[in-house]
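Reviewing the structure listed below.
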Amino acid sequence: MQQSRTDILKAYRQMRMIRDFEERLHIENRSGEIAGFTHLYAGQEAIAVGICEHLTDRDYISSTHRGHGHCIAKGCDPRLMMHEIYGRADGLCKGRGGSMHIADIDKGMLGANGIVGGGPPIAVGAALVCQARGDGSVAVSFGGGGSSNQGTVFEAMNMAVVLKLPKIFVFELNGYSEHTGEGYGIGSDLVGRTRGFGLPVFEADGFDYFSVHQAMADALEHVRAGKGPCALIAEATRYFGHFEGDPQNYRAKDEVKTLRETQDALLRFRRKVTEAKLIEAAELDAIDAEIAAFIEDCVASARKAPAPGVEIMLSDVYADY
Amino acid sequence: MQQSRTDILKAYRQMRMIRDFEERLHIENRSGEIAGFTHLYAGQEAIAVGICEHLTDRDYISSTHRGHGHCIAKGCDPRLMMHEIYGRADGLCKGRGGSMHIADIDKGMLGANGIVGGGPPIAVGAALVCQARGDGSVAVSFGGGGSSNQGTVFEAMNMAVVLKLPKIFVFELNGYSEHTGEGYGIGSDLVGRTRGFGLPVFEADGFDYFSVHQAMADALEHVRAGKGPCALIAEATRYFGHFEGDPQNYRAKDEVKTLRETQDALLRFRRKVTEAKLIEAAELDAIDAEIAAFIEDCVASARKAPAPGVEIMLSDVYADY
Amino acid sequence: MTVKTMREALNEALFQEMRRDPGVIVIGEDVSGGAGGSSGSRDAAGGIFGVTKGLMGEFGDKRVIDTPISESAIIGLANGAALAGMRPVAELMFADFVGVAMDQIYNQMAKFRYMFGGKAKAPIVVRMSMGAGMNAAAQHSQTIYSMLSAVPGLKVVVPSNPADAKGMLAAAIRDDDPVIFLEHKALYSSKGEVPDGEYVAPLHGASLVQSGKDATVVTLGRMVSFAAKAAAKLAGDGITVDLIDLRSTSPIDEEMILESLSLTGRLVVVDESNPVCSIASEIAAIAAEKGFASLRAPVVRVTAPHTPVPFARELERMYVPGPDRIEAAIRKAVKGE
Amino acid sequence: MTVKTMREALNEALFQEMRRDPGVIVIGEDVSGGAGGSSGSRDAAGGIFGVTKGLMGEFGDKRVIDTPISESAIIGLANGAALAGMRPVAELMFADFVGVAMDQIYNQMAKFRYMFGGKAKAPIVVRMSMGAGMNAAAQHSQTIYSMLSAVPGLKVVVPSNPADAKGMLAAAIRDDDPVIFLEHKALYSSKGEVPDGEYVAPLHGASLVQSGKDATVVTLGRMVSFAAKAAAKLAGDGITVDLIDLRSTSPIDEEMILESLSLTGRLVVVDESNPVCSIASEIAAIAAEKGFASLRAPVVRVTAPHTPVPFARELERMYVPGPDRIEAAIRKAVKGE
């Protein structure tokens, strides 16, 4: 915990932002306000934030179908994200992308992705640019445990090793791939298999912001020393179903409840920083209140925002016509 | 070397058949008699034969662009193969497939393949059938070192492990992938990476029939014990270019010459079995002569065979129209 | 006959064929589900759209095979199993995912029989959900049939109603060629009369949903009901149409289209796909080439625009050809001379 | 102007653009070659068809990047590098290999700009060799442009001659959208006048190769020279045609086609692809829809049959539309009423 008070407060704010964003989407989705497929990230906040707190707009990330947390952590505007998920003309992607395609290239956010395994090859390409610049910037791909079985991800890992790129492969093990345990699809063990590709693996407790933050520091040190790519693997869980509407028949009823009560990333963060007397509980409470109000306001503005029209449907297929 | 004299003579005959088939194609190709892309297997004979001598028509193999050796070793009729490569109507595939698409399902030969990495997923499917039968039959995929970097191959390995299939992944390291050293494209080391997938690896000297034969015996024992898939990795070299016409700028002039003189699979086989007094040199000479005549005859009959007509072009796209 | 959803009809066909032939297996992600989960229940999913529900219980995990997220290997598994004698039914979940399995589809299964001299057969069914209508955006809403119908060696079917869904899935499983079986995701819960008991419907051949005299309307999948709505409205104005449900996009039933055209002289094609090199284009081309003598007015294509599928409700509604656009197109065709 | 092969022309364009813009990089298998070989020479290949020859010497291995056999990662590399500001030129060697990289092409690069709200650009060129003519059989001879032209967000070009090859490759590299650049492998050694020095040709827009009055012949790629041969023969009989080289199949120059059609009244489309949902179908459909008033005879499509590409010399010769078939088709169109 060699982070400044400012850093710590910022990290907490980001995690809270993600949590509230997601909890609210869960409600909005149920009420039918939000259309489409929504995959919630709540429960895994420490991973996105623990990693992205190290990054600037010059660094790149690629994300997944479960992308809101990565987007917020990497600096996408949560209000514009909310408008996007509401399908509004002034959403981050003009209402054309929705939950699964949020991106903001200026922030180094190369897109959520509806295709499992779609992101890592793209992030490898961004790492090529980082390498060429030689400014210490890096590219990070996020992926679930299930995604680690996709051929495109294996190819991306090998390619990054061959080209010795500043690339970090993050695998977030949240226990499931849709309705199946993650362990079922990974024939061997993920850490060993990843090492077999020539990637050093840094492991972290995905419920613990500080553990992830430290693993990412180690990962960055490795890639910035020009030693080529590496991986960061962290376990956590998702609090909601695979997608909104998932009956979760594969899951014991109390699994999430227990984890929420004992492992929750925000809870543990709060306990740690207050017990260490780094931060007062009241400061965190203030952040909580502020963000609750902000999310409320985002929803309100999203509801009022204009719907996209035909010109939005037909534009931006090509740059010049 | 616990093989019977019959087995040994058969193995030698198969290796000689492949060698002569290939050396002759090299000539026919140069003279312009043969059309299309031809990738010669000469130099690697001990691998195909050392493996396929264990197999029956109930076992399956998938092959590659460099498939003649595998086809012959698995029991395809060399005469019909020659007719096929000559593009004749009575070729093994009616002149529609050519060198890169020779197959004979009745022999358990699931096809050469023009797509690097195309075969392994298919052989995994055949292994599912072997598993269901429960008769000890197995499926084997052949692939070059370069093919090991293809996403489809990684997926196939993991899938076979997850489903615990009787499947053997053979990687033949002949030093090159087209014009690039095989080592360049494999970011880590192939044996370790393959083990990382949960596949035990059996290694063999690819110039030595007996070494390959033993490794395959071990591999078969493993899969037939129901322990799931494994891999067999063997090094050899190809005597000719990547494809016929390849100027081989990437290769030192004497590389092949030295290997041919010191490591040649047929030479070493002959030395071993005659020195061990298992077989007389004269017996091998007789096989050599017989096969030389046979190949000559195959070429002669291929030259005279009928060209395919329009009905062959238009048929067999579908089973029922 | 019983009224069922398309989901139920498909499920029935799978039970029917798996009971009939022990060589039929089902492969895909979460076709059963629950493996390795904390509830301990298998068949926790039964397919993301519930089409394979219950199969695990009856047929077990050797015939109902959950897989990792490895689509090339899933299709490869089907390909190899088929060459070696089984009749696999692989599920790709969303048709959009063909991109990560395309080689095994278009270079392998489609070409085996031809390349291998006619001695191999590849009795594979690849089921995929397709189409817009659920605001699933650009990578989960595409219709893939044009791309795949172009590939020699593949058969492609697009059932529009529960009866066809049941009968054609059974036929596809019995067929000796690879069949791409496309299920419109917005139709899974749509209902219709479905024959009880064993039922197999022809895999090829369009069906004449209703007949009329003023125009030939060729369509498929979800668009059939939209076109029928448009036709119903036009009937009020005395305009009647031959409404043809293509059912199969490979092969295409040219004969029925050309015959209808010879009676109506006017052609409207309604296709949910993007316009370029679409099934709509193909049918317009067939008309221009073989039905020219019958054509009395320009062919009208009603398709999605040349854009990815957009997310927002308003955008997707504009994107998908709806009854109003179809109605207008038919009016245009009928007025055109 | 100097007479050069298409291979040389393409190579010149790569040198030209890599010198001009340090953000241009070349990625692919053996685009240089020789790494890890026993001769120690780099640039041992310069691309399997020699198109990237010499680039390694001048630009080094940070801009001329040899890769493993991992096509999804190759295209992914291009995609990510482009989003992050470079202008990658990826080589796929054979167009047939799109199957193992399709997702990165059709779900990723094609859709970035649209899905991401118009703020991203993806200036990528994917070069691929395509077409029959070398007896390379079913998995190394396909023309892929129909499948890819159907995808919104991709531009697709098919140069037919060395000058266009040079000028359009330069333009493709400068273009801010993903461009699929298809090089007919049977044309690499074909020769033609190529502008010296810096040269950029328009990426879109067809070209009128010759003009006539009896029919409009629309074609592309290798078929342009075959159609020209057919036209030359017909000219002897007093039959003259507008011969249009499409150059780009996405977008298609509808205007030129329709204008020509308004003068000739007859349309023949010559396309090396399989027939279904092809560019030939698309152009026939455009005529049936927008050029109907001009059409005086059935449209004639000249394409390959609905079969994989066969191997044997005799078979491939029958498979590919040749000058004779084109000539017969034009005669048919001109006689038809």
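Quick notes
Letters A, B, C and D name the chains as they come in the text, with residue numbers starting at 1 for each one.
The definition used in the following text is that contacts are C-beta pairs under 8 Å (C-beta built on N, C-alpha and C of every residue); 3 or more make two chains touch, one makes a residue touch a chain.
Here is each chain with its UniProt name: A, B = Pyruvate dehydrogenase E1 component alpha subunit; C, D = Pyruvate dehydrogenase E1 component beta subunit.
Predicted model only: the values in this text are computed from it and were never measured.
When the contact pairs of A-D are matched by residue number across A-C, B-D or B-C, over half of them reappear in B-C.
Chain centres here are Cα means. That of chain A falls 46 Å from that of chain B. Centre to centre, using the average C-alpha position, chain B and chain D are separated by 35 Å.
Chain B and chain C have Cα centroids separated by 40 Å. Residue positions of chain D with contacts to 2 or more other chains are 67-68, 70-73, 96-97, 99-100, 103-104, 107, 111, 114-115, 137-139, 152-153, 305-308, 310. Residue positions 93, 96-97, 101, 113-115, 118, 149-152, 155, 158-159, 162, 184-187, 317 of chain A are each in touch with at least two other chains. Chain contact topology: the protein chains form a complete graph, every chain touching every other one. Chain A contributes residues 149-152, 154-155, 157-162, 184-188, 192-198 to its touches with chain B in the complex. Interface residues of chain A, counted against chain D in their complex, comprise 60, 62, 91-94, 96-97, 101, 103-106, 110-111, 113-115, 118, 120-132, 139, 151-152, 155-156, 158-159, 162-163, 315-321. Residue ranges on chain C touching chain D, taken from their complex, read 72, 96-100, 102-107, 110-111, 114-115, 137-139, 146-147, 149-153, 250, 252, 273-274, 276-282, 284-285, 287-290, 292-293, 295, 297-301, 305-308, 310, 336.
Remark: chain B residues 35-37, 87-88, 93, 95-101, 113-118, 146-147, 149-152, 175-187, 249-253, 255, 307-310, 312-314, 317 touch chain D in the complex. Contact residues on chain C toward chain B in their complex (touch as defined above): 25, 62, 65, 67-68, 70-86, 88, 103-104, 107-108, 112-121, 152-153, 155, 175-177, 251.
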